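My questions all concern the structure below.
Each chain carries a letter (A, B, C and D) given by its place in the written order, and its residues are counted from 1.
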């Protein structure tokens, strides 16, 4: 148990979540389900990212009484991946919303949510 | 079935690639050069106690600008994608009546949520939270209002004015950084203030307010557009 | 130590919810499950000393995102009813 | 100078500002958007000028003033300036083009449009990996939004598929980024390049994920169904932006990131590019939908650029020039084509025939097609040349082969398309609207291609003093195309005469060989332009094309470097293609001609590459200095030239092309154009040398090829009913003789070759001129529908008579000189068997030549031709001028053969012909006095003629329908006309040799390729989920190949 860091647990979870998401994207015929798959896929990536930035046993990168300015570098986890994840989460919701808007219009056009039915363009 | 097996094989292979990529070496013990520098110099250079905020708003401010842009884009796309037809709006809506409790509660709670959101983005440089979180909270307040009173159409005009003004202000603040301080999006053109207090970290609180307003209005715009959408206007 | 065990439990919960989200036939259940995944993920972020991310994930990932899903699914349902 | 950050700041700020205008109408926001794009273009253009021409220094922009890796920085260097200028330029033009659409969709769509370009600019300039990701997302999302400019189910589903795929790709990119950060602790690209990440195990995966994600954004075959669907389903205005803007930026990103990986990975990227280039162009062959075809072509071109970027370490300093040349051509041409697609609003390739309604659009269309395939004077020509040269110099012959093969595949469908638009018979050609804001972008793209081509010339090694003067003249003629044909004819003749005046004296002084060919090309050109006066109306497009061909021919002679030669060769090809396809039923023939020409030119290019690589020289002398792979170089170049000389196997384009061409074009292409191939072969033969190792077997093979070509072609000519087709086959046969004669590689052999070359020029021009004139009068090519024309067209009769006597090689006319030398040379060389074949085919020639007299001029005059007039004097005059030439040659062969001897002597000093004082030529095997033979035969001729006239007095005149004497039915000549299927008997015996076996082979190849394309393209099932699976599978497979296992 000592060998396994918290970040390993998080990253394993993240990778498995990525795979679950991919499985959903690639096997579910329902467009909404596919979009859910994408949202899981994204969340998985985000967990991996935060996991990579984690340093065992250190605190959040917020300096206050608990964290001395001078000691900061030895007490906090890496703030950069966190910043990236923040950005990525917001981008993710944008994409999800766009996909959903598409799903809605596609449904209104074809009265179906089955991805296989939208194959009028091919070859 | 064959396709599923193939899919599974591909995903397993991808999993192996990912695992190889991560490598699972021993737990990290210390920060890399970049993070160390943020930790050591950040408070002094940027003045924000929350280093994540320092990175987001200042060191990597361009990312944030891009991210706000994506939300703006999405809101705009959904805006013209799901444009509502006038007659659909005037047609008698067939919506269930909401419960009295919900509508009363929303009347009381929504303003509190808005206030909380504002608090989160104003204090972004000191405590966890900031423009995105605050903005999202503001948008949830709006959702609550919509839930309570589905007939109420949100005033798009206000949303879009807030959205635009805050966006332009963000860019202008960035340019001010370029003109008055060291570079685009530099927050140092306003005095650093006392470290750890509300009025500190240069322009970060101001920028974060605009980010918060912008994210909030954009998310609200997306939500309300999805809520109001009718048959496609052709 | 305790934290690691909690993390493992949360991780398992995330994966369980994710499987539900992928496999449950009912869209509503799937959407809620996905929202719960986000919620657990935000707890995970807290454990990983990332309160900022945790807040964002909670507000956006499990809050707004779920609501947007709901709106759309609702629309589609209503559409289906209108049509039928 | 405006700081580059203002490109971003202005774009973003204005986009946010536009949000305020949502309710105020669309005109003002539209204007603001265009002005912003113009400002962005201005800023990047300003940097371009400063960095490229004024020695400015690259500009870094750091966020908040912190140095990387702690902050994000943007770089505005030379390449960034080029790419952002291109991207912003396409934004400005595309914005103008789409303005009405954007207005209809509201201010929101303008915001999306503007943000697309903000995103792309940052993607190009940023030096930070995560920042790249963010703004890549901005661009992708904006594209998905712009798909909605068109609201069909198709575009909706295309947009959704695109969204799914790009979401997966950006996820992969994000995973790569975080892994990179884990291993390198930095996101600054320069740091990452230094960090040598591929040495670390996990780092390698990280780099792999980043690069594969970037590669996937380039829509590599076969994981690109989503991209193709987007091209097909979306508004063509968006297609132009994706192909011209997004893809351009992404190629640059690949270029920026690839140094993170080591050498082996670069080959991997080049391989992916090669698969894409070949695969995509292969599938294009079967595609009938215009926008999707453009998609295939775009993807293919991007594949080519991936090859270039991947092989950058071999291209050295030329890399930038090559990449820019290819990129800018593709960018302008493809945007232009997409915009055209939007203007004419037709999806089927065949429907593009409507372009004919607006000739200037057709010209632009042609410009784009030629620029894509890489013809001069476009930048892609110079870039492709240099690419092949550099690849060869690095001994990357396989890569060069891939590039050329893929380009050929691309040519197959692009030229078919061009052919449709020029010539396809179409039921109805509906007119279409031409708003100025749609035409302007297309026009600018087209014009820019020419201008940039001019400036791109120095890219290519050996460009030297490439003369653009003739081209400028052609542009002038083109601009005056609205004038009547007669005026343009005078202008063209003056131009030709001046050109001849410019080049011929110099050649006369220095180079007999080139002077000889300049007679054929320039004098021949003037003579064959004369019949143009017989045409009325405007003959749009004829003169620029003809002049282009002659300019190409002339420049072949003045070329000093390999590049100049190839440049001229391609100009000639373009000109002759347009000339040929002008014929009434020439669509297919013009197409075949173009394919063989392109294929031949590419083989030549490959050969030149080897020559350049092993000799290190750019001048034409390089051909003689090939130290390694000499056999390969010679064979490739020879095959290239033989596509023009229509040697057996490569001849199938000729009969149709020559027969269906207009009456005055046939002599141009048959008597003159074919000689370009001969000239090329001579240059090659001279530099190869008869005795050098490796040459002998080649010459032996060529000799046999010539002989068999002569036999088969002559035999086929015998069975033709179509007079022009007969002459066309005859040309193939004659060119077979010429090949045979030169391949003998002795003094006498070459004399024979020259004699044939000049004589074939003369008599074939005479015959085609006269037959062409007759066809113009009678409106038919079929000989059995002619007959008895001697009475109506006596001057034509005499001309044809002299022509066929000369051609058949009977004394006293000049053809005999050729034959005599020919047999001398063959026997001297010991090529008895081949010589026998040639001799036999000479006899066969009598059969078909006889028909020209018998079926056309003798026999009964058809009822409907009773009042037909003599052919136009404009056809007769040049024919008679050439008859004078033949007469001169025949009367005093010494005048011609002695100079030929002088030309030949430097190369073959042995066993020359000796001349006695009375004009008798003495060879190894005998002697011959042309003048005496001429005199004797003339005397005989006069005597016999007089005797015949005497006899004629006793002849009994009968009416035409006196059934005793006229055994034919004038109503259905096919069935009873004696001259129909005249040689049926021979056909039974020898017809088997004329079965179009070669044509069958080529048909089989083309069907096989088409079928293959049809099968392969079925991977694009149209299912968005499958496309996502393709993307993921692509990642896994490429990983397996790169690392050799999991």
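Keep this in mind: a residue touches a chain if its C-beta (ideal position, glycine included) is under 8 Å from a C-beta of that chain, and two chains touch if they have at least 3 such contacts.
The model shown is predicted, which means the values in this text are computed figures rather than measured ones.
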Both-way neighbours, i.e. chains that touch chain D and touch chain C: A, B
Centroid spacing, where centroids are CA-atom means, of chain A and chain B in whole angstrom: 16
Rounded Å distance, chain A centre to chain C centre (Cα mean): 11
Separation of mean Cα positions, chain C and chain B [Å, integer]: 18
Mean-CA-position distance for chain D and chain A (Å): 51
Residues within chain C bordering two or more other chains: 51-52, 56, 60, 64, 68, 72, 75
Contacts with two or more other chains, residues of chain D listed in rising order: 130, 134, 137, 141, 144-145, 175, 179, 182, 1029, 1032
Set of chain A residues in contact with two or more other chains: 6-7, 18, 22-23, 26-27, 48, 52-54, 60-62, 76-77, 80, 82, 84, 86-87, 89-91, 93-95, 97-98, 100-105, 108-109
Set of all touching chain pairs, with the criterion as stated earlier: A-B, A-C, A-D, B-C, B-D
Residues on chain D engaged by chain A in the complex (per definition of touch): 130, 134, 137, 141, 144-145, 153-154, 156-161, 163-164, 167-168, 171, 174-175, 177-179, 181-182, 225, 229, 232-233, 286-287, 292, 1017-1018, 1020-1025, 1028-1029, 1032
Touch list for chain B against partner chain A, complex: 4, 7-8, 10-11, 14-15, 18-19, 22, 24, 26-32, 34-36, 38-40, 42-43, 49-52, 54-56, 60, 63-64, 66-67, 70-71, 73-74, 77-78, 81-82, 126-128, 132, 196, 215, 219, 222, 226, 229, 231-232
Touch list for chain B against partner chain D, complex: 6-7, 10-11, 13-14, 16-18, 20-23, 32-35, 37-38, 45, 58-63, 65-67, 69-70, 72-74, 76-77, 79-81, 83, 156-157, 160-161, 163-165, 167-168, 170-172, 174-175, 177-178, 181-188, 232, 234
Residues of chain A touching chain C in the complex: 1, 4, 6-7, 9-10, 12-13, 16-17, 20-21, 23-24, 27-28, 30, 32-33, 35-37, 39-40, 43, 46-47, 50-51, 53-54, 58-62, 76-77, 82, 85-86, 89-90, 92-93, 96-97, 100-101, 103-104, 107-108, 111, 113
Of all residues in chain A, those that touch chain D in their complex: 18, 22, 25-26, 29, 31, 34, 38, 41-42, 45, 48-49, 52, 80-81, 84, 87-88, 91, 94-95, 98-99, 102-103, 105-106, 109-110, 115-116, 118-123
